[in-house]
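Dropping a structure here in structure tokens format, bear with me for questions.
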Amino acid sequence: MSNTFGVKYRLTSFGESHGKAIGGIIDGCPSNFPLDFEHIQTELDKRRPGKSAITSSRNEKDKVEFLSGVYEGKTLGTPIAFVVWNNNQKGKDYDNLKDIYRPSHADYTYHKKYGLRDHRGGGRASARETVSRVVAGAIAKQLLDVYNIEIFAYVSQIGDIKLDENYYQNVKTDNILNCPDEKIANKMIAKIAEFKKAGDSLGGTINCLIKNVPVGLGEPVFNKFNAQLSKAILGINACKGFEIGAGFESANMIGSQNNDIFYFENGKIKTHTNNSGGVQGGITNGEDVYFKAVFKPVPTILKTQSTITTDCKQVEYTAKGRHDPSVLPRALPIVEAMTAMVALDFILLNK
Amino acid sequence: MSNTFGVKYRLTSFGESHGKAIGGIIDGCPSNFPLDFEHIQTELDKRRPGKSAITSSRNEKDKVEFLSGVYEGKTLGTPIAFVVWNNNQKGKDYDNLKDIYRPSHADYTYHKKYGLRDHRGGGRASARETVSRVVAGAIAKQLLDVYNIEIFAYVSQIGDIKLDENYYQNVKTDNILNCPDEKIANKMIAKIAEFKKAGDSLGGTINCLIKNVPVGLGEPVFNKFNAQLSKAILGINACKGFEIGAGFESANMIGSQNNDIFYFENGKIKTHTNNSGGVQGGITNGEDVYFKAVFKPVPTILKTQSTITTDCKQVEYTAKGRHDPSVLPRALPIVEAMTAMVALDFILLNK
Amino acid sequence: MSNTFGVKYRLTSFGESHGKAIGGIIDGCPSNFPLDFEHIQTELDKRRPGKSAITSSRNEKDKVEFLSGVYEGKTLGTPIAFVVWNNNQKGKDYDNLKDIYRPSHADYTYHKKYGLRDHRGGGRASARETVSRVVAGAIAKQLLDVYNIEIFAYVSQIGDIKLDENYYQNVKTDNILNCPDEKIANKMIAKIAEFKKAGDSLGGTINCLIKNVPVGLGEPVFNKFNAQLSKAILGINACKGFEIGAGFESANMIGSQNNDIFYFENGKIKTHTNNSGGVQGGITNGEDVYFKAVFKPVPTILKTQSTITTDCKQVEYTAKGRHDPSVLPRALPIVEAMTAMVALDFILLNK
Amino acid sequence: MSNTFGVKYRLTSFGESHGKAIGGIIDGCPSNFPLDFEHIQTELDKRRPGKSAITSSRNEKDKVEFLSGVYEGKTLGTPIAFVVWNNNQKGKDYDNLKDIYRPSHADYTYHKKYGLRDHRGGGRASARETVSRVVAGAIAKQLLDVYNIEIFAYVSQIGDIKLDENYYQNVKTDNILNCPDEKIANKMIAKIAEFKKAGDSLGGTINCLIKNVPVGLGEPVFNKFNAQLSKAILGINACKGFEIGAGFESANMIGSQNNDIFYFENGKIKTHTNNSGGVQGGITNGEDVYFKAVFKPVPTILKTQSTITTDCKQVEYTAKGRHDPSVLPRALPIVEAMTAMVALDFILLNK
């Protein structure tokens, strides 16, 4: 079940980085819904490498092809299968990886768990797998649109450059990091460009906002909205932490500060503050849901590192080929996609 | 499925704070295993209120009674049902809660989701529900003991008092917070006592360590070890964030610092650093797993606050009765219990 | 997961025949629904042994006690836990079973699978486990009542005595077998009484009818209405077969006979015949659902039989104690309960 | 979840009869296992239409293409995705079906459930969907082969022609029905040919045998070996009934006849008779598992029938195009495939 996500809206994903294709099956998509295929492709394009000076130069068209579940442009209620073919697969670039375990990659753990691995480009552990999440997330977003629910992710930190505030309520920008402060965005982009040159990599954080969430989403006690969201986000490659609302800052607050006081206005129950991040007791309370996730610096760097071979010899190793100095820009659509799947699933479960 | 946790080792929990009982059913426990009932009770006692000056004075014996699944002291392989009867249920203390929604509690969200609620003591949303987790976790710990796997949680921050280091490798203490630095522990305890007096509450963080984890636990891509662990921990009341390994600090690191370099020693592959927190690509790599979770200050404080009634009128409200100035001490066994269930489940899934 | 049934309306059951109690947890029951506790007890009484001359003389009161999930008579939307205490547990009657494997019982298979067993009264494999199904089924029936859906099971065959027709549309009787032909019912009852005397046992069949089923229940392709129903029924002890609609008789029919021709009347699409048993392509079509299940003669007989001991010696064995010459009368409420759970689950899934 | 089958060895299937492709994803397949691709294709060829005078003339090559999960001929432990492209799709043959509901087909139920349907060739309800089951079943068979477990299905009845016995222990034949009595096989084949000419259709039964089953497979109480098997088989199109062991004949037997007496021989516990069909208390006892399933005559016949249009008008309708007078020959590999998936899943669950 490890390759299936969701309860009612379920994505089962497949594909290795340098296999024939990446893809998935979406089961449980409501029927008779007109899909916007251009929107799906637009979302994929945001994730696509090779589209910017600060991301990997792997050049994949990443055109999605639907195999089932759609008829005359509408969902049938049957499983929606899709594939994205792998074309630009410079498998040979990875020949030198066959016999080593790269530091902080999944080479060693996969090899030990399964007894073998597809070493080319990280195989199943490659971030290329997230292509299928973006497709399922794009469809989820279209369905959420019916409920007026909107999702915005933005980069809030790259290395030592970060936003001052934790909770931006209006996030629509033009920059590739969707960072609401244009000046800081430019600094971040410059920093990434600098690290691309230097062959090293950067970590950072992404914030995400869900607007117009209805009251009542989330299933206590183990399947709380925040708990499932956290699982969704920690399931993205390189993510090492998640916090909702005031998050880790809550440790520094006292109850009388942290409590979100209710009031009633224009026929709606609201709260003055939103330290809860829109979730109380695991169930959404109608305020914005917002959270932050941290992504480690990608382990592939172009500097020489020490590591061990599959037969346990210490060697020097230098990565070749394409290089992403930071996953943050390309992680944005993935964070949004996972968030959309979680929100939609809870809406369907709540009926 | 919201009240069931786990895939092969599954706890289904039940019970409201002021109903007849709290309890659960454990399905999937390996058969023919001799249970240590005293150990289970010891774990429950750690979570029990009324046992210390710095926790709630609700006085429950919390004796667990097993109804099935055990025969002549050994597990049968059939479901293990257990109950803990609610005795000290001062339900009347809560009469004044019937018609209001307390700030930052789950009163409002439960009422809206379900159309009614058991207002007494928070009903299902009460932390009293975690009794069943501690029972299932204690049994999981006993099973993990066969594999030599050990779990230690300790309080690492209470309000503004915190430990200097993030990753303690030897954690066995005598203080109620299991805090490895005795001086800091004393300061924390004094701080909690001060807040108990003041009628306000404190947040903080708990760190947790899993030692002797075998390589290969965790199921990519959506059910990564860290992702499921995060869900388990965020599913605990008042938890607002989770990070594994270097966690949010990863944002400030660059790849060449953050990468954990492999080496081979005494027949084992190890890493010099452990920024990964024992997990690479969602699968354990044999190093210690360690993580940190943040808990907000409990919303029940003894100071007057503004809030609204169920018919949307603004009122002043002052909590009466028993009060826990910080959940952190009592959350320790719960964090360990959820961690044990996750680790055991992945071991059973890995077979 | 073997002790959990259902997807949205889920029963997790527990209990050995001679342990402390039998019971379960119902998760996913809609909230704010007023339960009729008398009705639940009435259903349990139908299943109860000791209530008739033709069933086992084990005398259990089988009073159900609810532990959670209900407040002021209404469901809370939280898990409904319940227990039925085992009182009349003549465990000593079973001392002679400790070291043998009874023929056609689950003694051998449980022992081999789990490495030990609770031999008293069949332990978990006892039909006593079905108490929890009847409770969950009774609540499901009450919820189905809102949709006007009714379920009727009746005994259609006992040994060589059987009904002429396969599909009775009006089934409300006063006899203990709910057999719509009173004369045949009396013959069946006499036959069972004869076998009780003789110390042997009888098999038979039960038919079941679901009336007023809406169109659209069932989830293709693997979770068809009939497939899940079949699993539910085959999961009852002693059941060896299931057929829906024309069932095995379909093998003798040709397409032009077997096809159910549609017509339109009073604003509804109907079929002239109902060989499909109300299900086409795994989805209900609005006609009555009807099916038949076969139950083998219970293996416990009071005659001496050859069998083997746990250390593989051949011995003569004669059962002592209480004896049910046929499970059919007591299986009626269980068949209805499982059917109700399936129907309700598909209604909840279809929303 | 309706398009996913299995717990540990899971098939998620997709595809409409006249969409681009049929296929699926297998999750949970053990890693490092060398696949025999020719064997998979051989199994598919058995199911393929157009290969015999007595089956439909739809001519599909049904070549399976693997997209992931296999590397250098071995399973990676990652999801195995596969597609079979639809080529011979005479969609136009079905134009006359757009506005009618064919008798005893799933046209009406799908349309009502989903609000639309792909009418071409039955869409998702087409037996073409079973292609994916045969692929997953073939791989399951190869894995079962490691345990020496063998599965044989054979046609036991076509219309009024049937085998005398219920339980053949050696079943390896050359005829297309795998019927162990060659004379009866020929009569069956002649009967089918006759009905193909006449444009009508025939029902029948398939028996299936699982040999060398280890003791201990099956998960009580709801997920019994026989219960899950029954669900698997009833989930095949046109199947209307299932019985295991003595099945419906059990109704005519008395306990002292029906009980399977144990004996000990050559270090193994065995039974003299096998009325239980190899399953006691839902768990396999080491004897052969055998069962029978009934398939109704396929609803598509070439004779004129009355039916209704989607706007509820009564019309005469005559099917055009390709026609399968009986599903039985082509259902054989599907029955074996579902059986193999069930057996393998229980082996993996039993670890």
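Of note:
Lettered A, B, C and D in written order, each chain numbered from 1.
Following the convention adopted for this analysis, contacts are C-beta pairs under 8 Å (C-beta built on N, C-alpha and C of every residue); 3 or more make two chains touch, one makes a residue touch a chain.
Quick caveat: nothing in here was measured; it's all calculated off a predicted structure.
The greater number of contacting C-beta pairs, out of the two interfaces C-D and B-C, is seen for C-D.
The greatest centre-to-centre distance from chain A, using averaged C-alpha positions, is reached by C. One inter-chain figure worth recording: chain B and chain C are separated by 39 Å, centre to centre, where each centre is the mean of the chain's CA atoms.
Rounded to whole angstrom, the centroid-to-centroid distance between chain C and chain D, based on C-alpha atoms, equals 27 Å. Residues of chain A found to touch two or more other chains are 1-4, 13, 78, 113, 124, 220. Those residues of chain D lying in contact with chain A across their complex are 1-4, 10, 12-16, 19-25, 27-28, 31-32, 65-69, 71, 74, 76-81, 83, 113-118, 123-124. Of all residues in chain A, only 1-5, 7, 13, 101, 103-106, 108-110, 112-113, 124-125, 129, 157, 159-160, 162, 195, 200-205, 215-216, 218-224, 226-228, 230-232, 234-235, 237, 240-248, 250-264, 269, 271, 275-277, 280-285, 294-301, 303, 305-308, 312-314, 350 touch chain B in the complex they form.
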